[in-house]
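One chain, subunit A, links the two complexes that follow: it is found with subunit B in the first and with subunit C in the second.
The block that comes next holds the complex of A and B.
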């Protein structure tokens, strides 16, 4: 007895349960570079990004996801960064963004 | 003279030490030479019978014995190093001559030369060959001892010898240093004792010996003599054993390094066998420490060239030590051994951080965001246009794109000169690749370089102007741009001025300019005069105390991926106050990154050269 096809279905839950995410790697990253936690998500980095102008690379998004423990695809995304350093110059929180990029890549190479 | 056996129990430490020393050194050198890559071996073969070898011999004398470059750092420091090197060298050479003069062609074992006085008490020590050897040897010993006295004084007051900070030594270094310091006083005591007993000796050993004999009974004098020779031999033995494992490995290694360097060997993007010669030729003299702004202003004291090389040599290099450096090149310029520490640091970064390129920048393929005055005239125009010769292209680079005032100034100057410019990346482009290269990702950086090369070629430019020294350096060093002349904007403006295509009017507001040399432009590309010539044409120029080859780094160098913002700011402020001390009313630089860094470090206005030139353009009537 297959399910009746009504022409529509119930969507899978889109809720993100942060309590169930493994925050280990994010904590490790924050321990090595405490400024990682200082981001206010203003998006200056993304607005000025050289790679972001050519692709849909979004540094703010990736680092926010990583902070939440959602690591999938982070490494692949961070690989788009050219390390040019513009984001670091515009960051109002003085975050060493290039250092963060490299650290995320190093810690999350497996994800 | 048949009774001279040249053997006594005390020579054993010396013989063991010497054997270990030469065995280890030979093993190391053979291993490094065998492992040289094929190209390097070819350079060696080609170089051996060339002028370069003669030059290397002279440089070895000038540097390893006379320490010419250390004299330039500080005369007292130079005297100290020369006293040890030249003094000891002459003691050995004159010692051999003395042996030959008194014993003729007789084969004398090594210890016979070194402990000559002990074994030849039966000789009369009248001058031979017209030379009073005892006096000469005493004079040389005194020379070395004067160097030793300075070395001791340096421990207490290093500033007197031109060094604010000296190197922190490892345990092995301390063992070697202590034994070295004992060698010469022990030699003095031993030779004096023997001279005193047998009534020989020069002005130093003879008189000290006489004094010893007059204060001691004969029996204790004999045991004192034996003890002193034992002490001398043990000091030599310990020093020789510790030498190849400590900073004193430089004594011999500097010689092959000079020869290999003269034959054209250099450290490259990736680690190779030649690096060993550079690393073990470092004596950790510490001349690199004082100029380091990381130490001076940012309080980071474990990353300086001497410490980086030490850590790498003993396999203890951490990412932090490799990465936490501005690569400004101030230390490299002062290194008395001429070690290419920036190249070594870069290939260490490659080993620690480098990852395969993996096509991760494939997204740039086929991209072209360039613009030119006539590129968009119609379909196909771009292809036809690329055939045209004599075209100037402008590559702003990421940092200029972040400095719209520089970009605007360039636009005005190009228009004033009537230059038909192709803008490579005005609407955003692909990074030049140098930041990646500096972080050790050499392979991936190459992908970017090949992309930009292709872009420049496709548009048929013959002159490539850039306002960013970081890009300039990578264009000149790593890009294959035959047929395209690469110019920094300062050089380009100078050319426009000399060709009469632009004219500048001197300002009359009494402003005083100070020019900041960007590291990548000055020490990196050797461009010091072009910006100054332009500035001289428009205003008076003052120089800070550390300028040109010695110029300070702005602190925000793209080469340091580790330094937190506070450190960058501290260095920027220190540079800012150095400029404020000149009384200048405006700081001018020629690098968009330096501009941003200095702006954060001072209240003085900071401009790029392009902005100053634009401001002083004489409008054609």
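The block that comes next holds the complex of A and C.
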């Protein structure tokens, strides 16, 4: 008799698969800017973001996805950023958020 | 000499003094303000049990009085050595200490307990939250005062219909050089949100947090009651700024990080959960006694386990929030512990 099927499945397309995701590029970004790893996901950056007020750009979300190895669309999303720097003024962890934007744009253009 | 100087007459200092007296020593509490009690004088009902602060304060004051502990009020300790000179290890090891008091006086003793406590973070440094700029931005300290004075109200005397609490103001924030978590502000904000519910049954109450840190006995349960019984809304996101609306309310912005979308809302009252920062005395004491400071400016205990009330300097001991954010219960426990260490230290010297 096979395993009982309770009818629950994990949708492969939606799950973040940390067995498969390549964290190399994320580690490279963290190596160039160690504080990238120190984000506490408070959302202060997104709350204050000039671009996020007008579009569905969410800086906190995109950079969190990058830390998980989910790079698809990250480069395109970061193009919405106007590099105004407001996020950097509010970040409680003192992260050079504009620098994160620029690193993502430099390193993840292929995704 | 049996005299032991206790610097600071807050909960930790009062407890240390009473325990020292019971052990046959002669403690002297040196307190810069006009009364004993420390911050306990400013609070209304204490988390997590809603015990009136007054009850705890009266109990401690009575114990100090009954033990006939000598108390010097209006007297500030300016340094742990006379004239701010460098400490002499020989003198200390011979059981001699002298601290510098305000007014040029010196006081000598066999040992010193530093119980000088913490300072409340000055919320006006976080200008983006508008404290002292907009009328209806308060701190948790203001709310305790209003509760003690008989009621919470907006600047025009009316009742708020919508109240928001902002956690982590002046804590966990590199921008104001306060990287540590102040530990007590989450539970204080939750407690006050519940008090607001009791006062304003119809109001909307929101707490904006980055993490909810409910470390103590009964705290998590309090949080759940706040959600379920007091109908407090918890939103996970740091408020980035507050601005005035045309009708005199306050608009705040945050990201609802659990939903992943920016949000804004107008409130009648904004309450900033201010943190505990290193007391202004810490730096002076560390300098004059050649003792170590933690990176966040609090006095650094000799070690964080068995030596949490030891300073590393012979004859100098610590108790309470002088070394880190602590609750009243923890500060009292360290008061007793510091007294034990003083007794043991003086016994060893006598041998």
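In this section, the second predicted complex is superposed on the first by the 97 of 111 C-alpha atoms of A that agree within 3 Å, B and C clash if a C-alpha of one lies under 4 Å from a C-alpha of the other, contacts with A are read in each partner's own complex, and residues count from 1 in each chain.
Rule of thumb we're sticking to: a residue touches a chain if its C-beta (ideal position, glycine included) is under 8 Å from a C-beta of that chain, and two chains touch if they have at least 3 such contacts.
Since this is a predicted model, take the numbers as computed values, not measurements.
K.L.:
With subunit A superposed, do subunit B and subunit C clash or fit?
P.N.:
Aligned through their shared chain, the two binders fit side by side on subunit A.
K.L.:
Report for A:80: first if it touches subunit B alone, second if subunit C alone, otherwise both or neither.
P.N.:
In the superposition, A:80 touches subunit B alone.
K.L.:
Should A:53 be classified as contacting the first partner (subunit B), the second (subunit C), both, or neither?
P.N.:
In the superposition, A:53 touches subunit B and subunit C alike.
K.L.:
Is A:90 contacted by the first partner subunit B, the second partner subunit C, both or neither?
P.N.:
both
K.L.:
Classify the contacts of A:21 with the two partner chains as first (subunit B alone), second (subunit C alone), both, or neither.
P.N.:
Neither partner.
K.L.:
Report for A:41: first if it touches subunit B alone, second if subunit C alone, otherwise both or neither.
P.N.:
Second partner only, subunit C.
K.L.:
Could you tell me how near the closest CA atoms of subunit B and subunit C get once both structures are overlaid on the shared chain, in Å?
P.N.:
In this superposition, no C-alpha atom of subunit B lies closer than 5 Å to one of subunit C.
K.L.:
Which parts of subunit A are touched by subunit B and by subunit C alike?
P.N.:
Dual-contact residues (subunit A): 48, 53, 89-90, 94.
K.L.:
Applying the document's contact rule, which stretches of subunit C touch subunit A when the two form their complex?
P.N.:
Residues of subunit C touching subunit A: 128, 168, 172-175, 210-211, 236-241, 253-257, 260-263.
K.L.:
Which part of subunit B faces subunit A closely enough to touch in the complex?
P.N.:
Going by the criterion above, the answer is residues 353, 355, 358, 360-361, 363-364, 367, 398-399, 401-402, 428-431, 433, 435-436, 439, 441, 448, 556, 558, 561-566, 569, 593, 596.
K.L.:
Any idea which subunit A residues touch subunit B in the complex?
P.N.:
Listed in rising order, the residues of subunit A that touch subunit B are 35, 48, 50, 53-55, 79-80, 82-86, 89-90, 94-96, 98-99, 102, 105.
K.L.:
Quick check on the complex: what are the subunit A residues that touch subunit C?
P.N.:
Residues of subunit A touching subunit C: 40-49, 52-53, 58, 60-61, 89-94.
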